[in-house]
Amino acid sequence: MTDTEEMLETVPTGVPLSAADLAAAIDACLRCLQTCTTCANADLAEDDIAEMGVCARLCINCADVCDVTARLLSRPAQWDEFVVHRLLEACVRSCQNSAEECARHAHHHRHCAICEKVCRACAKACGDLLEDEAFEQLRKLAGA
Amino acid sequence: MTDTEEMLETVPTGVPLSAADLAAAIDACLRCLQTCTTCANADLAEDDIAEMGVCARLCINCADVCDVTARLLSRPAQWDEFVVHRLLEACVRSCQNSAEECARHAHHHRHCAICEKVCRACAKACGDLLEDEAFEQLRKLAGA
Amino acid sequence: MTDTEEMLETVPTGVPLSAADLAAAIDACLRCLQTCTTCANADLAEDDIAEMGVCARLCINCADVCDVTARLLSRPAQWDEFVVHRLLEACVRSCQNSAEECARHAHHHRHCAICEKVCRACAKACGDLLEDEAFEQLRKLAGA
Amino acid sequence: MTDTEEMLETVPTGVPLSAADLAAAIDACLRCLQTCTTCANADLAEDDIAEMGVCARLCINCADVCDVTARLLSRPAQWDEFVVHRLLEACVRSCQNSAEECARHAHHHRHCAICEKVCRACAKACGDLLEDEAFEQLRKLAGA
């Protein structure tokens, strides 16, 4: 059990979905915040910066969305199912956007190769959480 | 025209929806970030802290969601309609949650009275933006 | 009196320095967070992006430092003089860095001209706060 | 080598101090952001919330300072030695404050016991970085 999962287990109100899955999503968001922040910084120092503007812009956005998602997921004692659901959706999409753009540069920029991998892992962890039965009602409302 | 709107007008890609409405939503989010941050801090210093825990928890969440919403809205040159839409939805709900709880304490805590007002203004500004025709496709998909 | 100053006045512990100066610094930081965020976004969409990399990198840093400074300054009920002092120093420097780089591009990029102005105002507001007698002890320790 | 260290090694400008130490500090800040965020949330859901207000307030501040420190440290391509130094100092102090308060509650709140441990690790990692020779000039100026 990681520190994150152990912390979640201590919250007196309990956790509204699987603590292991929740911890995995939080840790994936924090990793992605780190990777996207450095990837954007490296993009802007590359000789081919003119090709890297989109990547930097996407990674900057992704870092911010991962940050707030990690923060909200870390507060199970004041859970608003709708807010968390919307943030997870925004996070999955932001990570997919960054991963796709990083993939285009992965062969010549090592930071993009790593960032693509970390973004995909974060999209997967947050996507898995969206499948939790806690969100079933919201999925029904969306006709999904 | 405010600094925010003037800044948005300078972005070379243009702004994907009304710059005035967008600037109003950004400024409302920044005001709400400030007010919620101080309201939560004050809650935890009140003699009746035992009654103020929910308010503090909601305002802490609201501040973080307003912060990321202001950041993403401030970056029109890399707009992902879906991400922005989901953040706006999360922001409207977070502001409503804080406003409703603050309303319960507004008669005896002045910070809650101000915070309620600012949260309602932010929910309104972000809700107005969600009505923009830029999001029509997403509204149709949701069957709304 | 602004909302920010009025909020600060409601905190039951009181405010450890001038509420008006404190509110001015908070509001300047929030304005600077907005301006720097949009300036960096616009930089990366300009045709001369190769010339704008340093500006984008500085403005991204400045936005983050202004954000955390606004947050900590907004919590007078748990003031750590040393932490606030160090953040203010980091904020003044970050704003100066962005202002100087933006000044180099102000004649051909309108976002840089506005951003320079807003960064200088934030450096001034935070610098004024550092002169408050609340920080006298820390100034003496630094031999300043 | 962790993802963080590997990312730092890819930045074209190089890293102005030991990449391993820098990565350790970044990862410690991200862990501390998580732990402090959940600790504050749990504090406000405890039956003895009246005793936990100081802990929550300190952990909320610590989370924000760790967040911005992790972000700035993750951007070696636009390093301002002075800004990084001041953030590291603010971060060490914030972590010490949280650790000391959490220690008072560690015997009866498991989240405080974990949070104390993680805060001390973060204070250590950031303190180690402050000892790097890159900051020698700043240490001399401070007469330390």
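Which chain is which? They are A, B, C and D, in the order written, and residues in each are numbered from 1.
The rule we apply is simple: contacts are C-beta pairs under 8 Å (C-beta built on N, C-alpha and C of every residue); 3 or more make two chains touch, one makes a residue touch a chain.
Because the structure is a prediction, the values reported are computed rather than measured.
Same interface as A-B, judged by over half of the contact pairs sharing residue numbers, among the pairs B-D, C-D or A-D: C-D. Of the two chain pairs considered here, B-C and A-C, the higher C-beta contact count falls to B-C. Centre-to-centre separation between chain B and chain C, using Cα means, comes to 21 Å.
Averaging C-alpha coordinates per chain places the centre of chain A 28 Å away from that of chain C. For chain B, the set of residues that touch two or more other chains comprises 41, 44-45, 57, 60, 67, 71, 75, 77-78.
Touching chain D in their complex are the following residues of chain B: 40-41, 44-45, 49-50, 53, 56-57, 60. By the touch rule above, chain C contacts chain D in their complex via residues 54, 57-58, 60-61, 64-65, 67-68, 71-72, 75, 77-78, 80, 82-83, 86-87, 89-90, 93-94, 97, 142-143. Contacts from chain A toward chain D in the complex involve residues 3-4, 6-8, 10-13, 26-27, 30-31, 33-35, 37-39, 41-42, 44-47, 63, 67, 70-71, 74-78, 109-111, 114-115, 118.
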